[in-house]
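The letters A, B, C and D name the chains in turn, as written, and every chain counts its residues from 1.
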Amino acid sequence: MDTLVEFRHITKRFPGIVANNDISLSIQKGEILAILGENGAGKSTLMSMLFGMQIPDEGDILIRGKKEHISSPLVANDLNIGMVHQHFMLVENQSITENIIMGIEPKKRYFGLFPYVDIQSSKEKVRELSKQYQLEVDPESIIEDIPVSTRQRVEILKMLYRNAEILIFDEPTAVLTPQEIESLLGIIKNLRDSGKTIILITHKLDEIKKIADRCAILCKGKMVGVFDVASTTTQEMSALMVGREVSLTLSSTEHKRGTEVLRVEGLSVETNEHIRKVDKVSFTLHRGEVLSIAGVAGNGQVEIADAIAGLLPVKEGAIFLAGKDISGCTVRERIESGVAYIPEDRQSVGLILDFPLRENLCLKQYYQDPYSNSRGVLQKQEMESLAKQLISTYDIRSGSGVNTLARSMSGGNQQKAIIAREINLQADLLIFVQPTRGLDVGAIETIHKKIDELRAQGKAILLISLELDEIMELADSILVLYNGKVQTIKQASEMTKLEVGEYMMGVHVEKA
Amino acid sequence: MLKKPNLFKRIFMICCGPGKHQLLRVSLFCIFLSLLAGSVLLLLLGKNPFEAYRSILQGAGILPKTRYAGKKSQLTDFMSLLNYTTPMIFAALSVAVALKSGIFNICVSGIMVFSGFIATILVGYSSLAPIIAKPLVVLIGVVAGGLIGVLIGYLRHRFNMNEVVVAIMLNYIISYVVSFFIQTRFVDPITRQSVEVGQNARLTLFDYPIMNLKMEINLVFPLALITVFLIRYFITRTRFGFELQAVGLNSKASNYAGINVGKTVITTMLISGSLAGLAGVSYYLGSNASIQPRVLPALGFDSIAVALLGNTSAIGSFFASLLVMIFDSGTTYMSSRMQVLREIAALITSILLLFSAIGIFFRALANRYAREVEEV
Amino acid sequence: MDSIIIEGIAFSIPLFIIAIGGIYSEGSGVINLALEGLLGFGAFAGGLSYALLSSVITGNPLLLIYASLAFAMVGGALLASLHALMCIKFKANQVISGVVINMLSVALTAFLANQINASVFGQPSNKFLLEIFPKVTVPLLSKIPILGALFTDLYTFVPIIVVIALIMAYILYKTPFGMHIRACGDNPHAVAAAGGNVMKIRFISVLVSGALAGLGGMCFAYSISTTFSPNIYMGFGYLAIAAYIFGSWKISRTFLACILFGFARSAGYVLVQKLELPSSYGDLVLTLPYIVTLVLLLFFSSKTKAPRALGDVYE
Amino acid sequence: AGSTEKASQAAGLNIAIITTPSGVDDGSFNQDNYNGILAFIDEHPEAQVTAIREPSGDVAAALKTAADVVAEYDVLVCTGFQFAGIGELAKENPETKFILVDTYPTDAAGNTVELPNVYAMMFAEQESGFFAGVAAALETKTNKVAVVNGVAYPSNVNYQYGFECGVIYANEKLGTNAKLVELASRAGTDVTGANVGGNYVGSFADEATGKVIGQQLLDQGVDTIFVAAGASGNGVFTAAKESNGKLHVIGCDVDQWDDGQVGNNNIILTSVLKVMSLNVHRALSRIQDGTFEGANVLLKADTDSTGFVKESGRHQLSASTIEKLEEAYKLVQDGTIVPASNFGGFTPEEFKVN
């Protein structure tokens, strides 16, 4: 096989951190190469240099054997490199077609003179392309109206439209449902079979196992090595990237269900745009219980969480916390009566990115003793010692300790910070929305252990996740939501993964 | 990477590089650059820049003039500087506080006119004893300004209206309406402005005789100083200051954290408005004594840039106010002595504000150089 | 009625082109509070060019007038390039930069007008006298009842601006470049990922906003006082800002907003005249467009949507 | 001033002119004063002048500006009503001479005072207005004339009343038949609250409204407007320029011919004058030769301090109009005609033509 891409001694530094340290790696034509590494290991950074969004401080990149200076995505495009970013790069108020053709718009001329974008034929071309690769999209939809999985298809189409030969996927499955993941992996395989070269960044070892040919492992900015997937076990891979053994299955402790903590009765919720997302949902949650809400993204799970936390108003029904109706309470009153919430959107809801870590870790407690005194004056030392304690307990990694701006931390560490803060609230009810999205196996293991521990301590946990595996592993009972309505609530032991999946697709309809 | 940084870079890094007092050093560097640019301009006009800058300092009472008129001395000039600086301090604080919470209060001018007008007609023409009238004027300033501030905050929070637009609209509405009342009810036929307020209500003692000098004593300058420290303490050390900054940086996350965003926004604008109101009364019933119809004080707009020059911190706003007002106060004397258009001073001030607006860039650049050097 | 329409149009249309300038700049993600300063500087440049060229181009006043419009655009773009530099290259806070540019514009035009009048024309003055702007009355159309006023005593700059506005709308909504501008205002990173040069696109957009503001300012200088003088800073730049925010950053809606402002204003004048109110009430009339804006915004604010990336610094 | 010896004294007068926002190069009011100083310097080249501008136009700011520089100069020429409050400063600096234009000095309490070192001049604007009225009545073709002012402050009401008297005079004595057009909506309210009629813009700096008024008057058939409205007047000028020769204006304060050029035509019929330059020059000469005495004077036609432009090429009056204006001028000069003024005791309606 030919070497298509070669990194030679690449180094890239950011303030206070060496993101890539002397990395060498070569990628063969027609293979699927997975890149594995902990959060902040430098995976995205390495790829963004291949795509011209960053420029290496040292080292060379060779494409098809030729040294290239990839100074911008434009150059990358010309070299037939395409990338699906971890955070999508889409213009929200434009249509799918407009997004796909951006930068290489086909033109026509009015009166043979004035050029304009030929949207019509582009739509056709997008439609064809989407058929050819089985990536269904409606070319006319506006991005802000479509779900995540469709957005991802748009990103892939964008690359294909540009005839990319080298396709980079940065954690493409983090936001998808199991079914969607299956189909994406299928698509990626197809792409490889049609001759494309694929680089896949992911934290999910089973995905690597399923489709990747080789796997490069990064650890703290350094290249650990490249391994043949077929001859390496997932255990070995995770040990290599974390530097220790990781147990991938939880040895869940036996525990007892306690008193009721949360009762939701006939809850209906509308978004700020008055779209009904949750329809008469009822359930109860007890101490020592993990209740998981399963569902395809966008079916109202997040809105339930928001309504319980007070971020969205209750349209109908009531929410009882320890027997008390909290549906009219302010956010703060709910926090104080024992609701901790790890939100889905860690960057724009969970954290204030321009505050230092210290302030972010005290975000829900700053006004209480001992962080503020009775006259409303902040006690910075207290805040700092809390922050330091959480940083060390939860192994939050950052450039300059408590003073690091949250913005400059990697996504995984941002998530760890939020989880640390919320657990530290000592609330009876903890709502986790996608707590392990985008996290490395090491971090996932820690969080899963933590959830199990919390349950053992008698906390009530509401777990909302798109990862069926996670749900199956942690949940005591499972509520499946479809179109805002409860499909079923059952003990986890009473359902198989397959059944849950079917409920999620709305296949089974259970009459109450 | 064995390249040593060149001389220019080294000097630049000393000025703006990371380390202690970086913000302050960057500000000083910007001031220096703008003075340099001003010098070039003055040289082009055939004037000696040192002379020009000296005469500005002389005019502002920082350096002694060669001669003084009757009952005037460097001290009277300096007191006058403080007098005129006082409203600027309040105005800059007003902008800075709002900015901390992510709100652009460009309504300072309008609020100044409004509070000045209300205080003028309620107290300015009354015969209340000074001991009652003066505190009352201050109080009215706080309340009237606060009201407008709350209005802006409320419209922004409740109706999601862009505060910049609201402020622009309010500026004009206030200006025209006040002008209407002045021209129909309170006009002085000679000065064509509102009738001067009485001495009892004025916050500046004008021509106050001390040691055969006629001093301007601004009674609220001490209040301005105290306010600077209060605001600083308030923003950096208190719970509410924390909330204010949190909301400014990310209101969604603040809401999630249990902060009452609406209350914070409105309270912030209450404070900002009150400060602008104080600027208004210390301007219209202090350094001045009457209101020009249809004129929005330039000071209100300048204060935006001044607050920026002071890095939107309270202490910074204080020194920036002083600096800009030194320029302002010294301009007349400079233009008289140097025989140049007074726009020169306004130009240099604008350049200064331009440079300070890119202070962030200097800081980032210097930090980058510093890193490069570290790596070598 | 006629005068409401005639005056309304003469005021709305220059306001409209200034507002389009704002839409370009803000549509690309750069806040532009500097419109007031830009229109003033544009008018200054136009006035200066008129004064300088009037000795060169003699006997063709029309050429002179239209040339000065072009120079006003150049002037506006020139000062706008400073705003662009500040915001895009130096990453200054865009609101602050706008405010400072306004201050600078006032100081600079006063200074230059004085200096140039003194040294070039040898006469002390801070203004440049202009010719009146040609007007047309379209023969047949002007006879239509009521709407005929649209074609009566029409400044020729009105059709010019309308054509330019159409071109600007075409560029913004139909051409690739326009698409990229709007994309920059929504998600600049997406543009960069698609190979666009965000900085360049924004830079050009800001320049365009300066040129259009300069054009509008020059038209005001002609139609209101036939002079360039420091009186040009009458707050119309701010009104234009209100107009496009009101119009939700869309050209078509902004057009309606401008027409509304213009007609509220001219109708106000007629109203005062008809009601025979004393002149001091003139001040109250002048508050009309501002109050109308505030009240309408009260109802429509939830519907106006600023470009998503407006004000974000792009690294 | 004070006791300090001035270095420049030996060399010649060190003069400063302090002006409000428009500056000495406004081509108008301030510039006319400045020209008076320049004329003096032509005669006395050893003297020197510095122009100082106070940019806000605020009264307090104007006084501060004067106070800031008073020590540096022998003579301060202060132009504009903003400097009324200069009395105190003048008292404290008895060595410095002050020339005030358009206002008398007041003391701290706001009462008008006469000071030995202050020569303050006001002008009988009603006389200038009167000439404008006569000229307008004589020149109008449509027999409709009007006056546009800024704000109904005394100086503007004087112009207005004078203009109206001039029209009345011409109608009665010179056989014209001009009607005064007033937009009811533009009636002014003077500083005592009395309705004085006229056409007031409501501001000295609102060109846009000025233009609207000009057009409204034109729509009413007016073909001659006397414009005394500061910068708002530019708007009226624009309306005249756009009228295709249908509307002419009469300028005021200084010769405004250059402002009236439209292509090869001009909209200025003539300008009526407040002759400030001459009087400033005279006052400076008296300082120079030591005969200076402080005084508050009201300057009129008797000292050639009011008047109108008659140099050829700077006006478009017919010869007969000029002739009739000259006659009227003499009558005003010798006090036979006294036009109404704001606080002159009678209104234009009560104006008697003897």
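Criterion: contacts are C-beta pairs under 8 Å (C-beta built on N, C-alpha and C of every residue); 3 or more make two chains touch, one makes a residue touch a chain.
If you're wondering where the values come from, they're calculated on a predicted model, not measured in any experiment.
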| item | value |
| --- | --- |
| Chain pair, B-C or A-B, that carries the greater number of C-beta contacts | B-C |
| Most remote chain, CA-based centroid, reference being chain C | A |
| Centroid spacing, where centroids are CA-atom means, of chain B and chain C in whole angstrom | 29 |
| Whole-Å separation of chain centres (CA-atom averages), chain A against chain D | 76 |
| Cα-centroid distance, chain A relative to chain B, in whole angstrom | 46 |
| Separation of mean Cα positions, chain C and chain A [Å, integer] | 45 |
| Contacts with two or more other chains, residues of chain B listed in rising order | 183-184, 293-294, 341, 346 |
| For chain A, residues that touch 2 or more chains besides their own | none |
| Per-residue overlap in chain D, given as positions that touch at least 2 other chains | 189, 202-203, 205 |
| Touching chain combinations (by label order) | A-B, A-C, B-C, B-D, C-D |
| For the chain C and chain B complex, residues of the former touching the latter | 33, 82, 86, 89-93, 95-97, 99-100, 102-104, 106-108, 110-111, 114-115, 235, 238, 241-242, 245-246, 280-281, 283-284, 286-287, 290-291, 293-294, 297-298, 301-302, 304, 306 |
| Of all residues in chain C, those that touch chain D in their complex | 3, 7, 11, 61, 114, 117-118, 123-127, 129, 131-133, 135, 223-227, 229, 231, 234, 266, 269, 272-283, 286 |
| Residues on chain D engaged by chain C in the complex (per definition of touch) | 22-27, 31, 34, 152, 183-189, 195, 199-203, 205-209, 211-212, 215-216, 219, 231, 234-235, 237-238, 241-242, 258-259, 261-263 |
| Complex interface listing, chain A residues touching chain B | 13, 15, 309, 311, 330-332, 334-336, 341, 343, 348-355, 359, 363-364, 366-367, 372, 376-378 |
| Chain A contact footprint on chain B (complex, rising order) | 237-243, 245-246, 249-250, 252-260, 367, 371, 375 |
